[in-house]
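Both of the next two complexes hold chain A, though its partner changes from chain B to chain C.
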Partner chain A sequence: MEIIVEIIINAILLSSMYVLAASGFALVLSIMGVLNFAHGAIYMVGGYACYQLAIEYGLNPWLSLFLAAGIMALFGLFLERFCFRPFYGDFFSSVIISIALIFILQTSINLTVGVHVRSLPAFVSGMFKVGGVSVSMERLFTAVIGVSLLFALTLFIRKSKTGQQMLAVAQNSEGAALQGIRIHRVAAIAMALGCALAAVAGSLMGAVFDLNTFMGDLILVKAIQVVILSGIGSIGGVLIGGLIIGTLDSVLPLYTTPAITQTIGLTIIIVLLLIRPQGLFGREMD
Partner chain B sequence: MKRNSLFKLRGGVSLVVALMFFLCMEPHATAKPKTLRIGFLTGLTGFASDSERVHLQGAELARDWVNEKGGVTIKGEKYLVELVPEDHKCTADGAVAGATKLVYDQKVKYIAGTIMPFIIAAVTTVTEPAHVIRSVAYNCGTPQEFSAKTPYTFLSQNGTIGAIISGLKFLKKARPEVKTIAVFIPDDGSIPYLEPQVRKWAKNNGMEVKGDIVGWPLNTVDFTPFALKAIKINADAVAMANGWPAMIGGVLKALRENGYHKPVIGLHYSQAKDVMEVAGKEASDNYFIHGINTNTPQKTDIVKWILDRGQTKYGHQRVAFFIEGFDSVFVLAQAIEKAQSLDTDDVKNAWEKMDDINTAYGLAHMEGQETYGLRHAVVGPRAIEGLEKGAVKSFGWMRDIKVP
Partner chain C sequence: MIYLATVVILAFLPIFVKSPYTYHILILTFVYITATSSLRTLAISGQVSMGHAAFMSIGAYTSAVLARYVGWSPWLTMPLGALATMLVAVLVGFPFSRVRTIYFSMVSLFFGIGILSINSIFGKYTGHINGMIGIPPLFIGSRIPYYFFFLALMVVCLIVLWRFETCRIGVCLKAIDQSREVAASIGISETKFRVLAMGVSCFVVGLVGAGYAHYNMVISYSSFNLSASINMLVYMLIGGIVSFAGPIIGTAVLFMIPEIFRQLKEYTPFLFAGILILVVFVMPQGVVGLFDQIRSLVNKKE
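Showing the complex of A and B:
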């Protein structure tokens, strides 16, 4: 019984982490229409930035987290202005740019700090015990942050003026521009937010797991799975997509081999796409 | 005036004669050592490059060590080692491309490095038909990497099977109460070959492998589900064969967070400090691994030199990874010198006939006939370190390791 409770708790925690990692990716894809494959690399650089600030410069870990998010938000503005804006509306060029960014970011980090094994210290330490089941506070905290940020992001998009502009751009960028919305400004905000979210995810998960140059590759695959499952254009749907993928990844390894686990997860996505090409809550893209 | 011209003429003739004499003498006076080119294939990019780049640094240290001692002497001629590094990108196709470039473009006849089973197996498809000698830096026990069908491939260290043998022997000595073990192995194709070895050597040490092997994919993000699976087995100890520090640390952390506080041992080679970096101090207890650090007693002179030079040259002391790269070049250089020939068939034959060979860890022996189908494995002593209450501790050396 105890192990079943632990499995359920772990499924929820892992799902929330996937949600945290996928929300920035979903935002950029939904608003800008950019399939940003560099999201994983940005997540990794965000984690390293937090490490640098907290460990090398001795700053408070919380302050480091906020600063890392800020730095990556600025980096997002740079990316939007100089890497993605010149190719606005050109899906394939933006994909190639994002793939190039992966190599640039990974190689840069690998050459500068890559040979050392690193992990961020826990933002919250200790264990949370209920009955006979114990949960790491670090994981619990990361899960809470992940879900909270997703709700905050959803609220921001639905309730704020900028969020409404984002929705308008996402639905029809030319129509939005004709209404006086500055689409490049909206895209820049979306990209900055997406990169900041990636940095928060990279920092928190760099504490739960570890920091390495290629940590973003693994999480990118999960983020893509979550976004495809939840549906492009649906930020809120990421929660359900994350829950499904996280539960599969938590439960299946206990009862079957790793290869079958991965096959089942991907088969579910393929079947779903055959039945519902736009994903669970998504809209169809042009 | 005439006298002056005669003086100039004599001077010119003398100069020409002196120059000719100098030119004739030059090759003998400044006889340059020849170059022995050794390819080094490693992951400079790709998912394991953080560790594999340290292998290249270790190989460079071996080059320096050999060259500073005068190089390799073949029939009285000195050869200085020149490394030709190539990136295998941590993918099988990258490994084939890298090996092809080394063998056919760079024309190297010896290749050191590579540790992952699918990389080693991929490179074999290029090097074996070309009769290129390989000194691989690790081995996971699959016949595709290393068997009677790969006569030009040598293993420069104990490999996973050597670590299984010495690790379980150590566990029996350090924790005699352990009678059952749960075993983690990466799902990289090596499980079917390593499982019988673990079961056999556990039995030889009075232990039993309980339940199925806990396989985990190399692209695992969270090790908690696998830790829960191992905990469900309810064994007296957990043994992990292979994995990088980030992965091992992830498993150790997940085991401890989920209430498993019994002994955990790594049946491979790494550094406890790196594992603790990922697992965190709270989880770092009752853990052992084949590893070496600055506080390990009775370090060899080569290990001390590697620690010093590694710190000076590269600014770190990830000595276990340095040595994997170091030994793959160092033992190869010794085999070439033993052969007294640069011909790869001569080197292969000479290496096969060697009984003893030096490694950074100390004197090793050529073994592995029964296990691998050829006597191509360099098997030597290993230090054990561990984690106790959040601190790295040395547990001495395992010296009588034999891979049949």
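Showing the complex of A and C:
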């Protein structure tokens, strides 16, 4: 019984974190046509920003989480305006820019905070007992925050005007521009939103696990897996893709080694892409 | 002409240069020039691989395992490693030729990570995360024979890749890149040519990977992980994807500049990033494009 509850909570936790990180990546990819490899680095910097605010400046962890998200959103606006706007749809240039960003961000963190592994304080501590099953409050809360943020994001995209504009631009940016949607404004909002979500995911994961300067690489691969599995251009599909990958990643390690887990996950995606080259819910890109 | 002159200068270099460290850097440059050029062989048909270092690792590990555990001569295992790489490439090439553009990049990226995980499943032989040690060397002693060996290997591989690109097959690949419908309508089989390109490209990269294993005598995952693949991609893009000289110049520039500015130490990534950003903003066609720009400026003045 205990192990089942543990697995479910872990699956929700991992899935929601993957989706939080992947949705920003997917938004930027489908709206701007930019493959942002620096998304993992942004996630990492978000975690470190939260650490810096909470530990060095002694702020309330919740406040510093909020501030870190805000800082990264501003950073996202800056990135969109000065790094990615000149290269909309230019795959290679944007790849080079994002790789340059990875170098800059990782080295900056290494030089300022240092290469040692850091740990954020737990946002919520203690254990939680339900009918003889004890659950870590922290994991439960992280999962709850993740899921509620995802609901908010889905609601924002489905119901708000800006969200609808995002969907329109993701489907066909020229058509959207003809309808009077300001593409650059939508892209800037998407980038800011994506960076803020990545920062939240980074901070929460930094509290549950550890902070290190390479944590971004892992989540980047996961985000790419989720986005490719669900298909480029489909923002709603990211939820389902994230759920699949997160569940695989939390169930399989109980039975096999991490290496085999990774191999199985990647094999599933490769096979799926070979059967359905545009992903589960995506469209063909040229 | 320029190529010939460069090769001649490089061939006579050992008369003047004695420092082993210089040779180490030059050998690595040769290895990566060959590998990156083979990446371009795939890229001319519009398939940009983001897992090419994994193919390099297949060649390296195959050759290393055969030489270390079976005890065959490295001179025999290196071609075998290259053949094994080609075999894997052709096997995955059939399904992979169906996925295009960004999806191919992603599939190859996942394939690259997958190969490394498979590698670590056999950690008993491949030495887990610490790497595989005790690989038999090609030559005993100094680095000079290695230098000539890798120079020769690079020249031969580049000539092969150049011939491949300029012959009918290369033209067909370029046609597929421009419009696969038109190419198909005049009887160019997309699958056939893509698999062929994959086989040739991966044979070269497997061969050079095997050579690298016997030169370094220690190989670990970190030489072939995602960032190694991405580095190769960056070398190619910085040099310029449109020209055969692109990967060569790009690799040479990005290998040499950190060596020139070695006193920067931990600030080197900033320099690297600065170069990348500069190239993207100033030279949209890569460093090769700069030469064309200068040429057109000179012509205008005349």
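Throughout what follows, the second predicted complex is superposed on the first by the 276 of 286 C-alpha atoms of A that agree within 3 Å, B and C clash if a C-alpha of one lies under 4 Å from a C-alpha of the other, contacts with A are read in each partner's own complex, and residues count from 1 in each chain.
Criterion: a contact is a pair of C-beta atoms (placed from the backbone, for glycine too) under 8 Å apart; a residue touches a chain by one contact, two chains touch by 3 or more.
What you see is a predicted model; the values in this text were computed from it and never measured.
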{"item": "Combined model on chain A: chain C and chain B, fit or clash", "value": "clash"}
{"item": "Chain B versus chain C as contact partner of A:164, first or second or both or neither", "value": "neither"}
{"item": "Which of chain B and chain C A:254 touches, first, second, both or neither", "value": "first"}
{"item": "First, second, both or neither for A:93, with chain B first and chain C second", "value": "second"}
{"item": "Partner chain(s) touched by A:273 [first = chain B, second = chain C, both, neither]", "value": "second"}
{"item": "Which superposed partner A:217 touches (first chain B, second chain C, both, neither)", "value": "both"}
{"item": "Which of chain B and chain C A:262 touches, first, second, both or neither", "value": "both"}
{"item": "Which of chain B and chain C A:104 touches, first, second, both or neither", "value": "second"}
{"item": "Candidates 45-53, 81-89, 117-125 or 171-179 of chain B: the single one with C-alpha clashes against chain C", "value": "117-125"}
{"item": "Contact residues of chain A, present in both the chain B and the chain C interface", "value": "106-107, 110, 217, 221, 257, 259, 262"}
{"item": "Parts of chain A lying in touch with chain B, wherever the complex brings them together", "value": "3, 6-7, 10, 13-14, 17, 106-107, 110, 114-119, 121-122, 125, 127, 134, 136, 139, 209-210, 212-214, 217-219, 221-222, 249-254, 257-259, 261-262"}
{"item": "Interface residues, chain C side, partner chain A - complex", "value": "48, 95-96, 98-103, 106-107, 109-111, 113-114, 117-118, 120-121, 123, 226-227, 230, 233-234, 237-238, 241, 266-267, 269-270, 272-274, 276-277, 279-281, 284"}
{"item": "Contact footprint of chain C on chain A as seen in their complex", "value": "35, 37, 86-87, 91-93, 95-97, 99-101, 103-104, 106-107, 110-111, 217, 221, 224-225, 228, 232, 257, 259-260, 262-263, 266-267, 269-270, 273-274, 277-279, 285-286"}
{"item": "Interface residues, chain B side, partner chain A - complex", "value": "45-47, 49-51, 53-54, 57, 187, 215-217, 219-222, 224-226, 228-229, 231-232, 245-246, 249-250, 257-259, 274, 277-278, 280, 282, 314, 316, 318"}
